[in-house]
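Okay, got some structures for you below.
Each of the next two complexes has chain A plus one other chain: chain B in the first, chain C in the second.
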Partner chain A sequence: MAVPQTRSMGLPLINLLRLKGAPILQQLHLEERLLRTSYDNWCIINDGTTKRTVVMGVSGKAEELLEIDSVLRDEIPVIRRFTGGTVIVDQGTIFVTFVCNKDAFPDLQSYPQPIMSWSSLIYKKVFQGIGDFSLRENDYVLGNRKFGGNAQSITKTRWVHHTSFLWDYEVSNMGYLKLPKRAPDYRQARDHLDFICRMKDHIPRSNFIERTIDAVGSHFVLRSVDPEASQSPLSSKFEPSSRLLKREELEEAIFNSRSRGACAASASQAS
Partner chain B sequence: MICRRICRRNPWSFSHWWRSVYPATTPPSAAAWADARRASSGLGFLARAQPNIFVNRRTFSLFQSHHEGDSLSIQFGTRGCNFTTHALGDSPIGGVVDVPLAQTGEGIAECELLKWFVQEGDQVEEFQPLCEVQSDKATIEITSRYRGKVSKVLHIPGDIVKVGETLLKMVVDENAVSDQCSETLEVIKVHDSNTSEVDVTDSGPKKAKIGGALSTPAVRNFAKQLGVNIEDLHGSGKEGRVLKEDVLNYAAREGILKESSVSSDDSSADEYLERDQKLTEVASTYGREYDDRTVPLRGFQRAMVKSMTLAAKIPHFHYVDEINCDALVQLKASFQDENSDPGVKHTFLPVLIKSLSMALSKYPLLNSCFNEELQEVTLKGPHNIGIAMATPHGLVVPNIKKVQCLSILEITKELSRLQQLASANKLSSDDITGGTITLSNIGAIGGKFGSPLINVPEVSIIAIGRIQKIPQFDEDGNVYPASIVTVNIGADHRVLDGATVAMFCNEWKLFIEKPELLMLHMK
Partner chain C sequence: MWASSTANALKISTAASNSAFVISPAFSLSRCFSSVLEGFKYANSHEWVKHDGPVATIGITDHAQDHLGEVVFVELPEAGKPVTQGGSFGSVESVKATSDVNSPISGEVVEVNTKLSETPGLINTSPYEDGWMIKVKPSNPSELESLMGAKEYTKFCEEEDASH
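Then we have the complex of A and B:
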């Protein structure tokens, strides 16, 4: 394994890739490919995605997380990604992803919580003087309202930490998501609309992106990378695991949940 | 980050132990002892306990002056270990060890097991990923601390495992115990008569790793693939590490890898001889391939012999034309963009098929059947458009029934269904009979256009070449790019004449170049 020139002036080098409107599946494939086949550190910023899409976690159960009937009726694509968490994304979502080597920061333990805390340092800088930013459990909040959700994947030598920021959202879109069974404590059973907030009410869009890049620059030496350059396959044998779910799979999920419900109902009737 | 386990197995010295258990900030002075003795009767035990302290290390009664008769009894074992985030069971040397869920950091109590990377019986290397777990929003790869063999897997994907709970049991290799404290290692080694690897008189170059050459798991795997015993190698890396180059050089020397270049200039006589021997071996292998090989024709190939023999009787003529596919390319892109079903992949063929059917409605003579004996032509009602498919088993032409009644999406799905069946050699006889006209998309493989042979008893066949972007001239003499495809229509000249085929082709071409016209016929 070639050791790249990772340190300059004591800071690790990071490749900065700026995308705009890239489809979320394409972004997830890119992230996974960089995680598993690259030796560099990467920061990917995707300013909005093309089409509204539901993104589900690696082990998420569609029947528990989504209103599948509405999703199928309105033909919303559903993607299962290689990290956890569920989110509905569209043009109003800004994505920021870090793909790093474990030894980029020798003092940083490569476990979920330490990486989460490290990332919050960056955004604390972004929101300094702008909002009451903090990290609560796995979410970025302003006050007590979530505006950014995080997920990670940690491998033997590298990790990915990606965030979906709610720059803006459609109220109707939230109707496709159910109230999750496992919710953070601070949510306190609040409905989606009482739980989340729009970043656009606090900071202009381009401002957020520029400030984020500046904040990243205080932890890394930035090197801008052309989007075309990153598209070329670093390793043609790599198969990403994030995928679009088929219609049949979602229909099967509804069927399973209904039959489970029917069993439960008949069981309670029998007893 | 690997956290070390510090294990203290030595019996605790008295002073060490005394410091650990005495709660007061200062150790008791002789005066304090004397005072204690003078105090209430309940404290008399202290004088007696003193010898006990030395004899019985297991319990110790603590003296506290303000609580008469009170005593705290602290139990502790003779063995103490400080654990870091990697909790371990008993000494794993050569035995079965419980590998717990760890490497998750603080604040995580349990994880869901997502998938295993190993199974029972697998040999694993140090740091090799064992499984992937998920906690909240993070997926984490759990790697092995040891080199050994998986003896029992205790959970299945979907199980919730608590941090610290055993994930699997492993039989650890003897020489994987580099983290153990050296004194324990030596103590046990002396008693273990099975350690044949411990050979003190071993030759110098081999590194200190008992019984094994130093190398990474990747290099070991590579050596294994080549059939090279890594123990035989002399490492050229740091600290005598065996590198991939060492394996390659060794393999080449041992003749495991055939030398591809024949450079006779600087080779010694011996090497030349060796190479010569290898060449004769190679020649004999190749020699066998120059013999004749007889292949009996079966299945699709046999059917092809039959149909082509019949086709040879038909007087064919071929009509060639070019079609501008710019609109078609745009249409396909539009279908694909709005496609939310990953089971459906939009290609050009369904649009070509549907527009062909539209043109056939106007020129039904191309969708007919010629009966030579009765000298009559049957104009077929349904447009059963056959699609020539190249499969590993040969050429086969299943057809899509009644295309005039199908939508483009339905055609796409049906085409996909037939393609899958064809490649699996599972087409039914109904799928391959009843065709009325055939489309051969040879362009999918290559070629500009072909001169196809008619699929008897049909009267026409259409070969489509590859869509190519070529320069065209407009009215003002300016060059512009256009996606052009060449088509070649083979027709039975006993039934069709050039004019009919030309007009039919013009009609078809119109629908391809202006697909919006298809909407005029939408019901």
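Then we have the complex of A and C:
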């Protein structure tokens, strides 16, 4: 029986999959399936996504994170994904995802912060000589402005680390997101437009992607694969958990939020 | 422990990180003794199990909660669901990461800690007591023999942290 080759020249092998404009839900389903059913390492780069979409994490509460009335009015899709964090994505978002075996890097502990630190080494190389890049808590920043948000999922033997990079964004999109209750200290209560920045002001789009691939190549041996190679076999029974929220769920979130608000107001009047 | 693992991940060699690496034996012993309880059994994925007659209680260890960070959300199975040794039964969310929690033994879930839905931070503040996650009726109690005892798990944690 042939043993799959997992390392070459002392570096782990990684399958590089380049997508362009793939819908974000399709990307998330792919990531989850590769996490749970593949034994290979993967780097997925999706250059923009076709439709403007809000993505919430596994525990995200729509009524706390989103301006739901506006989201419903403008029919913005809302997805609950298998990792954490909240982001609004569109064609101006570049996605880079790593799906890796724990033993790809035996010296790396598979907990959030070590994986976060490891990933920042790659982007430090990407932005060398280009911008004042650093990792602040869980965000990639240029100066003190966030341009990349991260989230992860960790299993017993593998992990996913995925990043949404703001190459460009529409100012109006930020109006769909509330100021989060939980925010990193360095945000210092800044609203969205004072907190984030556009990568396009620092680096051309194709240049960022090529530099990222080069930087990945310093940690892995790259093997380019066609999208067909990542397709699920017909026999696969895996069911991803990331899903599109129904309109009724968002309407119920508004109703529950208003009910709680009304109860709190009456309790306060009664006392 | 995180500082030393991060320093190693970043391959930094400074005086500061070297001193973080060299933790005095007395400190490491007292740190690990305070975070590992006798009478419990431990999996190499950092879950603990306490077997008490017909029921076994399961949670994640102090080592795990310390490395995960503040737990903000917990997903647990319903009572009646089966669990398999080494298989995932739920997950915790911390710092935008979801992490699987794996069962050290096989059996059937008989009770779930409902307090964790309102107060997931109990896993951080009281990982071995109020932060318990599920209670299981073991289907194969001999599986407990394959798990680590307190001393073995302490050594396992020390070796894991030292190598990262």
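In this section, the second predicted complex is superposed on the first by the 265 of 271 C-alpha atoms of A that agree within 3 Å, B and C clash if a C-alpha of one lies under 4 Å from a C-alpha of the other, contacts with A are read in each partner's own complex, and residues count from 1 in each chain.
Note that a contact is a pair of C-beta atoms (placed from the backbone, for glycine too) under 8 Å apart; a residue touches a chain by one contact, two chains touch by 3 or more.
No experiment lies behind these values; they were computed from the predicted model shown.
On the superposed chain A, the two partners chain B and chain C do not both fit; they clash. In the superposed model, A:85 lies in contact with both chain B and chain C. Once the two complexes are overlaid on the shared chain, A:58 sits against chain B and chain C alike. Legend: residue contacts after superposition of the two complexes on their common chain; A:226 is shown touching neither chain B nor chain C.
Of the two partner chains placed by the overlay, only chain B lies in contact with A:77; chain C stays clear of it.
Within the superposed three-chain model, A:113 lies in touch with chain B and with chain C [touch as defined at top]. Using the contact criterion defined above for the overlaid structures, shared-chain residue A:153 touches chain B and also reaches chain C. In the superposition on chain A, contact of A:185 is made with neither chain B nor chain C.
Once the two complexes are laid over each other on the shared chain, residue contacts for A:248 go to chain B alone; chain C is not touched. In the superposed model, A:239 lies in contact with neither chain B nor chain C. Across the options 24-32, 78-86 or 420-428, chain B meets chain C in a clash only at 78-86, per the superposition defined above. Overlap of the chain B and chain C interfaces on chain A: residues 57-59, 82-85, 109, 111-114, 138, 150-156, 182. For chain A in complex with chain B, the residues that touch the partner chain are 57-59, 75-77, 82-85, 102, 109-114, 137-138, 149-156, 182, 243-248.
Here chain C touches chain A in the complex through residues 2, 5-6, 8-10, 45, 67-69, 72-73, 75, 86, 88, 91, 93-100, 102, 160-161, 163-164, going by the rule given at the top.
The touching residues of chain B, counted against chain A in their complex, run 1, 103-108, 112, 114, 127, 129, 134-141, 143, 158, 340-343.
Every residue of chain A that touches chain C in the complex is listed here, in rising order: 57-59, 82-85, 106-109, 111-118, 121, 138, 150-156, 182.
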